[in-house]
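Structure in C-alpha cells, see below.
Naming follows writing order (A, B, C, D, E, F and G), and every chain is counted from residue 1.
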Amino acid sequence: MAAWQNLVNFLGPDLARIVVGVVGVLALVQVNALFLVWLERKVAAHIQLRIGPKEVGPFGILQSIVDGIKLVGKELITPRHADRKLFMLAPIAVFLPVLVSFVVIPFSERLLIRDMNVGVLLIFAFSTFNVLAVLVGGWASNNKYSLLGAVRAVAQNVAYEIPLLLAVLSVVMWSNSLQMSEIVASQSKVWHVFSMPVATLIFLICATAETNRAPFDIPEAESELVAGFHTEYSGMRFALFFLAEYSNMLIVSAVATTLFFGGWKSPPFLGFLPVPGLIWFFAKTYALIFVTIWVRWTFPRLRFDQLMNFCWKIMIPAALLHLVVYAGIIKIVR
Amino acid sequence: MSLEDLKEKLSKVVEPGDMVPRDYEKDGCLLEIKARADQVEAVAKAAREADCFLESITAVDFTNGPQIIYQFNSCTIVSRVLVRVQLSRGESVVSIGSIYDAALWYEREVFELFGIRFDNHPDLRRLLLPEDADFYPLLKDYGKVHAFRSTEEIYGE
Amino acid sequence: MGMIKDIVEGGWSLIAGMWVTIRRIYRPVVTVQYPRECLDMSPAYRGHIEFEQFPETGSHNCVACGTCMRFCPTNVIKVQGEKTHTHSEKRASLYFIDFSHCSLCGLCVVNCPTQTLKFSGEYELAHYSRWDGVIDLIQRLEESA
Amino acid sequence: MAEKEIAPGARVQLAVVEEVLNLCRANSLWPMTFGLACCAIEMMAAGASRFDLDRFGAGVFRPSPRQSDLMIVAGTISKKMAPIIVTLWEQMPAPKWCIAMGNCAISGGPFEYDGQYAIVPGTDLILPVDVYVPGCPPRPEGLIQGFLALEDLITKGEKRNVLRRFKRKIVKGR
Amino acid sequence: MNSLTTYLFLAALLFSLGIFGVFQRRSLIGMLIAIELMLNGASINFMAFNRFLAPDPIVGQIYTLFIMGIAAAEAAIALSIIVAVFRRLGSINIERAQELRG
Amino acid sequence: MNSVQSLIQPQVLAQIGFAGIVALTLTGALIAVFPRNILYNILGLIVCLTGVAGIFVYLGSPFIALMELLIYVGAICISIIFAIMLSRPLHLSLPKRRLPKVGLALGVGAAVFIMLSAIISRTEWQPAATRSSDWSVATLGAYLLTRYDLVFEVISLVLLVAILGAIIISGYARRSPS
Amino acid sequence: MANEFLEPITEQTFYLNMGPQHPSTHGVLRLFLKLDGEYIVEADPVIGYGHRGHEKMAESHLYEQFLPNSSRMDYLAGLIFNHGYVAAIEKMAGIEVPPRAEYIRVICAELNRISSHLLWFGTYVMDLGGFTPFLYSFDDRENILDILDRVSGSRLTYSYCRFGGVARDVDDEFITATHQFVERLRSRWDDYHNLVTKNVIFIHRAKDVGVINRELALRFGCTGPILRAAGVPYDVRKAEPYSVYSELDFEIPTGTKGDALDRYLVRVQEMEQSLHIIEQALERLPDGAIKAAVPHKVRPPRGDYYFAVESARGAVGFYIVSDGTSYPYRLKARVPSYGNLQVLTEVLPGTLVADTISILGSIDIVVPEVDR
C-alpha cells in the first residue's frame, strides 16, 4: 500500500468533495454566525422584556451584517508592547478547529463531507486548537486582563475536556464505533439522550464550559476582566473571535445532536412526517443553541475556583461513575 | 453605652470646663468638647472605649487658624459628641488613625483640603485631588468666598 | 448524601430561574419605541425655562427686573430690558439662557415677580455645537405663537 | 498626485464603498461602558428595557475601548479623570465618535463657578465632541435623540440613512 | 520519498534537534520541549518500522501509544518539578537549580 | 493540459502534501529549539507535532495521528504552556545565549545525526515475511486488552503515580514558601 | 483604563489596576490591587475621580442655590439627600414644616430608597454575571421614576423638597399610582427570589464572601445596610427619628454574619419595609398646606448644626456652620459610602479577583457621593 493510498483512505476518494465541503462549511459558518448573533440579541431582548434589534432591516435582521461590515471598516490596532506575529495569528488560528470539525458531522443521511471511521476523535483532537488560539491571543496582547483571561481559559478547557470525553466514551461504547454515521445509526430505536441522560447532561454542561458561554464565561467575564482574552483586539480581529465563538456554539450543538439527539433522524413518534433529515438536524441543533442562549441570559457567573471544584469534584466523578455503570449495563445487554 | 459613661470616660481626659452640653433638639449634637491638639488622641481613645464610632472629621477655616472637628457617635444610643480642636496656622495634630481606621481617609481629606498636617499618619497622600495638586482649596483665601471670619464672630465668645 | 441533596436542590433552583426567564418571552415588551412613539411628559416636567404666554397681552410679562439673574446659581440667564412707547413699564428686549449650565433648580421660576417664567416640556435638545444650548426665549415665544 | 491617478469610475466606486461603510457605522454604534456621574444612570436607563438602545443596534455596550465606536461622556469630568479619558479615547480605534451627555460634560454645568478647582469645564476642551445632549441629566429620550443625530452626522444627512424606517412622534400614554 | 529511509531520516533529524535542544537550553521547560521532540523522533521510527517491516501492523501503533502515555507522565512530573523549583527559587534556570543540593 | 491533469492526480497531490508536512515538521522542530522566547518554542513544538501527526496519517494510522494531537497538543503542550504561565512572568528579559554552549550543543546534535544517518543508510532493511494487513482500530483495542494488557496496566499505573506525584510535589511547593 | 501597568516588582506578585474605567467599579472608582495569581495581597481604593467640589461650592452659593446640588451628591438616593439638607436648614432657621409636606417627603424618600436598592440589586447581579435581573429591576425602577417624575418633574435629580415644604402637591393619581406600585413590586418578589435569591450560583458567589463584622464596621465607621448586616440595628430613622418616622411603624432588618449575602438580604428586606412605610404614610396622609411661608433668602442664626438622615447607603449628615448671613460659612456632608468604601482595604486582601467584584457590588457605593 503506497503512502498516497493511506491518505486517500483517510480523506476519502473524492478530493473535490472535501474542497466543496470546506467552502460550503465556510459559508455556513458565516451565515450561521450572523444569524446566531441576531438570534441571541433577539432572544435576550425578549427575555428581558425588550425588543432588541429592530430598526435595521425587517425585525433587525440586517443588524449583524451591518455590525460585521462596520467591524471590517474599523482600524486594526496592535498594542505597542504586543507580540505582533502571534497577535495577528491568534484570531486566524481560532478558526482551524471550526473548519475541521464540520468535515465529519453528518448533516443528513447523505450530506456529510467525509464519514471517517475516527470521526469523533477528529473533532476532539482539533478542539484543542481553539484553546491554543485563545491562549496565544491573550498572551500576545500583553495586557494583564488578557493574560488572566487566557490562563483561566486554559485551565477551564483542560479540566472540562476530561468529563466531556468520558461522557462521549459511553456513547462510543454503546454504538461500538468512532464513526459519526454509525453513532447516528445506533440511535435508530432510542436516542442516547433517553438511554443515557446523565451523560447527555454532563456533555452539555461541559460543552457550554468548553465554548466559554455563561455561566462558564469566566475567561471573558465582563465585570471582572473587562473583555478577557480579547480585551486588546479591535475591528476585524475581534470580529473573528466573535465569529468563532458562535461557530463553536454551532459545532458543539451539532455534535451533541449527533451523539445524543439522534442526529438527522426524526423523533420516533414523528417519523411519518415527510421532513428531510437536514431539517431535523438543524431544528435540533438550533433548539440546543436556544437553550444555551436561554441559560446565558438567566444565570450569574460562577467564580473561578467554584468552576474548577465543580469540574473536579462533581463532573469528573460523575462521568467516571457513569462510564463504569454503563460499561456494566452494556455488557449485560449484549 | 450611655452618654453618661462616655462623659465619665472623657472627664478623665479633658477638663470639665471644656465639656459643654449642647441642645440636641436644635443642634443635633449632645456634647461639645473643646480640646487641645495634644488631647485628641486621648479623647479618641476614650470614645473608642465607650463603643463609639467615628462619624466624621472635618475642619473649618477661621481667621485665627483652622479648627478641626471630630464627631463621634454611638450606634446604640444617640450620643453625638463634637470635639473641636482650634489650631493656629501651620500647627499640626496627631493622627488618630491607629484608633479608628476610618480616620485615615478623613485625615487625608482634611490635609488636602485645608493643608493641616497629621503627625504619625502612615500615608498622608492626596486623596480626592490629583497627586500633583499644590493648593488647599477649602481655605478661605482660595477662590471666591463671601466671608472670612474669626471663631468669636460665629460662636460668640 | 448531603452532596446529592445539594446538587438536586441547586439544580432545581436553576430550573426555577429558567422558568422565570422563559415566561417573560411571552409577555408583552415594556419598551416604548421612542422615535416612533413617545411617553406623554409629566405635568411637572422641568425642561429649560421659557416664557409663559399670557392671553391678556399675547406675550410675556417679563419686566427685566433681573431677579432671576441674581438668583441663578450658575449665571445662566442674561436679561436686558428697555422702555417702549406701548408699555409704561420696562419690558425685556433680550432674554438669553445658556441651558448647558443650568441645574434646573427652578429658583428663577419660583422667584419671578411677574410669574412669566415656566419650565418647558422640551427634552429633545441634542445638537452639534456646544453653543446651541444658548436659547433666545423671546424668539422662542414668537415662534411658538 | 494620487488623486489624478484614480480613474473617475474607481472614484465613484470608492465613494459607494465609503457610503455603505458609513451607513453600517451609523447603524451599529457600540458605546463604551463608561459612566462618570448622574448621567451614567440615565445612560443605563436608555439601554434598559424601557428605552432599549439595542433597537438601533447601539445596545452592545463594550467594556473594552478597543471594541467600541462611541464614547458617551456621561457626567462631570474631574481634573483627575481627564487624562484617563483622553487615554481611553486614544485607545479606541478609528473611526470613533463622542457624545457629551449632560450639562456637566458640555460645559461643566452647575459645577462651573468662581473658585472651582476640581473639574474640566467641558468635554470639548479635551476631546473632539460630535453631539451634545444637554439636560441635567437629559432624559433617555434625549440621549436616543442624540444617537439619531449622530447617525445623521455619520451618514451625512437623515435621508441618506436608508436603513432607518420610522417616522417621528406618535404620543402614547404611559 | 515513500520509502522507509525517508521516515527514518526525518526521525533522526528530529532526534538530533532534540539533543541539540537539550544541550543548548538552560531553562527546564526548554529542555522538556527538546525531550518531547526526541520522543517524537522515536515514535516516527516505531510507526515507520511498523508500516514497512513489522509482521503485525498493530504492534508499532501500540508502542507509539505507550510512548505517548510515558510522555504524558513524564511531562506531568517534570512540570510539577518545574513549578516547585520556581516557587522555591523564583527561576527555572537549570544552573540555579543546582542550589537545591544539600 | 496533460501536465495539469497529472497534477491533480491523487498520487501527485499526496506527494506534494507529504513535502508540505515534512516541511511543517522540520520548521516546527527548528522553532521549538532555536528562538529564545519560550512561548515560541512551545508553539513550534505544537506545529512540529501537528506535522508528525500528518506523517502518521501517511504511515497509515489516522487513529494514532489523532491521538497524537489529542494527547500531545491537547494535554502535554497545553500543560507546558500552563506551567510557563504559572511559573514565570513572561515579559521579563529573554535569557542570554552563550556561544560556546550553543556550539557544543550543535556539535553534539550534528554528531548524533551523522551517526544515525550512517546507520540508516548502511543498513539493509528486511520486511517480515508474512505481513498482516489488519489496521483497524478495533483490532488495536483488542490487542491492548489481550496481548499487551500487562503493559497497558503498567502504563496506567505509571500515569496514576505520575499524577499523584505531580500533585504532591506542586502542593508541597505551594505550602513551603508561606 | 486597562493598559497602564507598573512593572512587576517581584516575580510572583503583580499589580492590577482596576478602573477608573472598568465595568464593575460603578463609575469612576479605581482599585489598585496587588495580586498573587488571582489572590489579592493588597488593595488600595483610589478615589477622587468624581470630585466636584460641592463643599467649596456651598460657600459661594446661597442656601437655596445649593439645594439642587444636594441631590447630585448621591444621585441614586437624591431625594433623601435633598430631604436631609432641607431639614437641616429648616432646623437651623426654625422653620415649621406642614405635616402634609412631611408625609409627602417620607413617601417620596422611601420610593427613592426602593429605587436605589433596586438599582443596586440589578447592578450587583450584573457584576456577578447575570444580566437579565438587572433589566427586570430597571423595569420596576422605571415605575418609581414615573411616579416621582409626576410630582417632581425630574427622573433623577429631583430637588423636590424645598425649604418649608415640597415643591408641588401630590394628587390622587400619585396616590393610586403608588398603591399600584406597592402591589406590583410585592408581586415581583417571587420572581426575584426564584431568579436570584434562591439561585445556587448566586448563593455560592455571595455567601461567606467579604465578611464585615460589627467590630470592623465600627472601626471604619460603616453605616447603613453594611452595619445592619453585621447585626447592629442602627438606623437613623429609628435612632434619631426625623420627619414623621417616629409615627410610622417599621422594623430594622439585620443580618448575622455580615457577608455579602447578608447585605443582600438586608437590602431586600429593607425594600419590603419601605413598602410598608409607604402604605402607612399614604393612609395617614393629612390634608393641608404643602409649604410654610419662607423668606426668599433664609438666614439661619450663627452657630454650627448637624442633622442626620438615613439614605439608602447609610447615615448622611450635614454639618453646617452659619455666620448669620444667607451664605453657609462651611458645609460638610458626612456621606456613608466614605467609610463603607474604606473598609475594602481591610476586607479585600486574601480574596479572589472575582470576589472583589462581589464585595464591591454588595457594598453599594456611589462614587460621586464618596468624592463629593
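Definition applied: a residue touches a chain if its C-beta (ideal position, glycine included) is under 8 Å from a C-beta of that chain, and two chains touch if they have at least 3 such contacts.
Please read all numbers here as calculations on a predicted model, not as lab measurements.
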Chains touching both chain D and chain G: A, B, C
Between A-C and A-F, more C-beta pairs in contact link A-F
Using each chain's Cα centroid, which is most distant from the centroid of chain A? B
Based only on mean CA positions, could you tell me how far chain B sits from chain G in angstrom? 25
I'd like to verify one number: the distance from the centre of chain C to the centre of chain F, where each centre is the average of its C-alpha atoms, in whole angstrom. 71
Can you compute the centre-to-centre distance for chain E and chain F, using the mean CA position of each chain? Integer Å is fine. 7
Roughly how far is chain B from chain D, going centre to centre by Cα mean, in whole Å? 46
Going through chain D residue by residue, note those that touch at least 2 other chains and give them in order. 33, 48-50, 52, 55, 63-64, 80, 91, 110, 113-118, 136, 139, 166, 174
Touching two or more other chains, which residues of chain C qualify? 14, 17, 20-21, 29-31, 33, 73, 103-104
Do you know which chain F residues sit against two or more other chains? 15, 18, 59-60, 63, 67, 75, 79, 82, 88, 133
Give every residue of chain C touching chain A within the complex, in rising order. 7, 14, 17-18, 20-22, 24-25, 27-31, 33
So in the complex, which bits of chain C are touching chain G? 9-11, 13-14, 16-17, 19-21, 30, 42-46, 71, 73, 103-107, 111, 119
Chain D-facing residues of chain B, complex: 128-130, 133, 135, 137, 142-145
Residues of chain B that touch chain G when the two form their complex: 26-29, 51, 53-56, 58, 60-61, 69, 71, 75-78, 80, 82, 100-102, 104-106, 113, 126-130, 137-138, 140, 142-147, 149, 153-156
Show me the residue ranges of chain G that touch chain A in the complex, using the header's touch definition. 2-3, 5, 14, 16, 22-24, 38, 125-132, 135-136, 139, 195-196, 199, 201-202, 204-205, 352-358
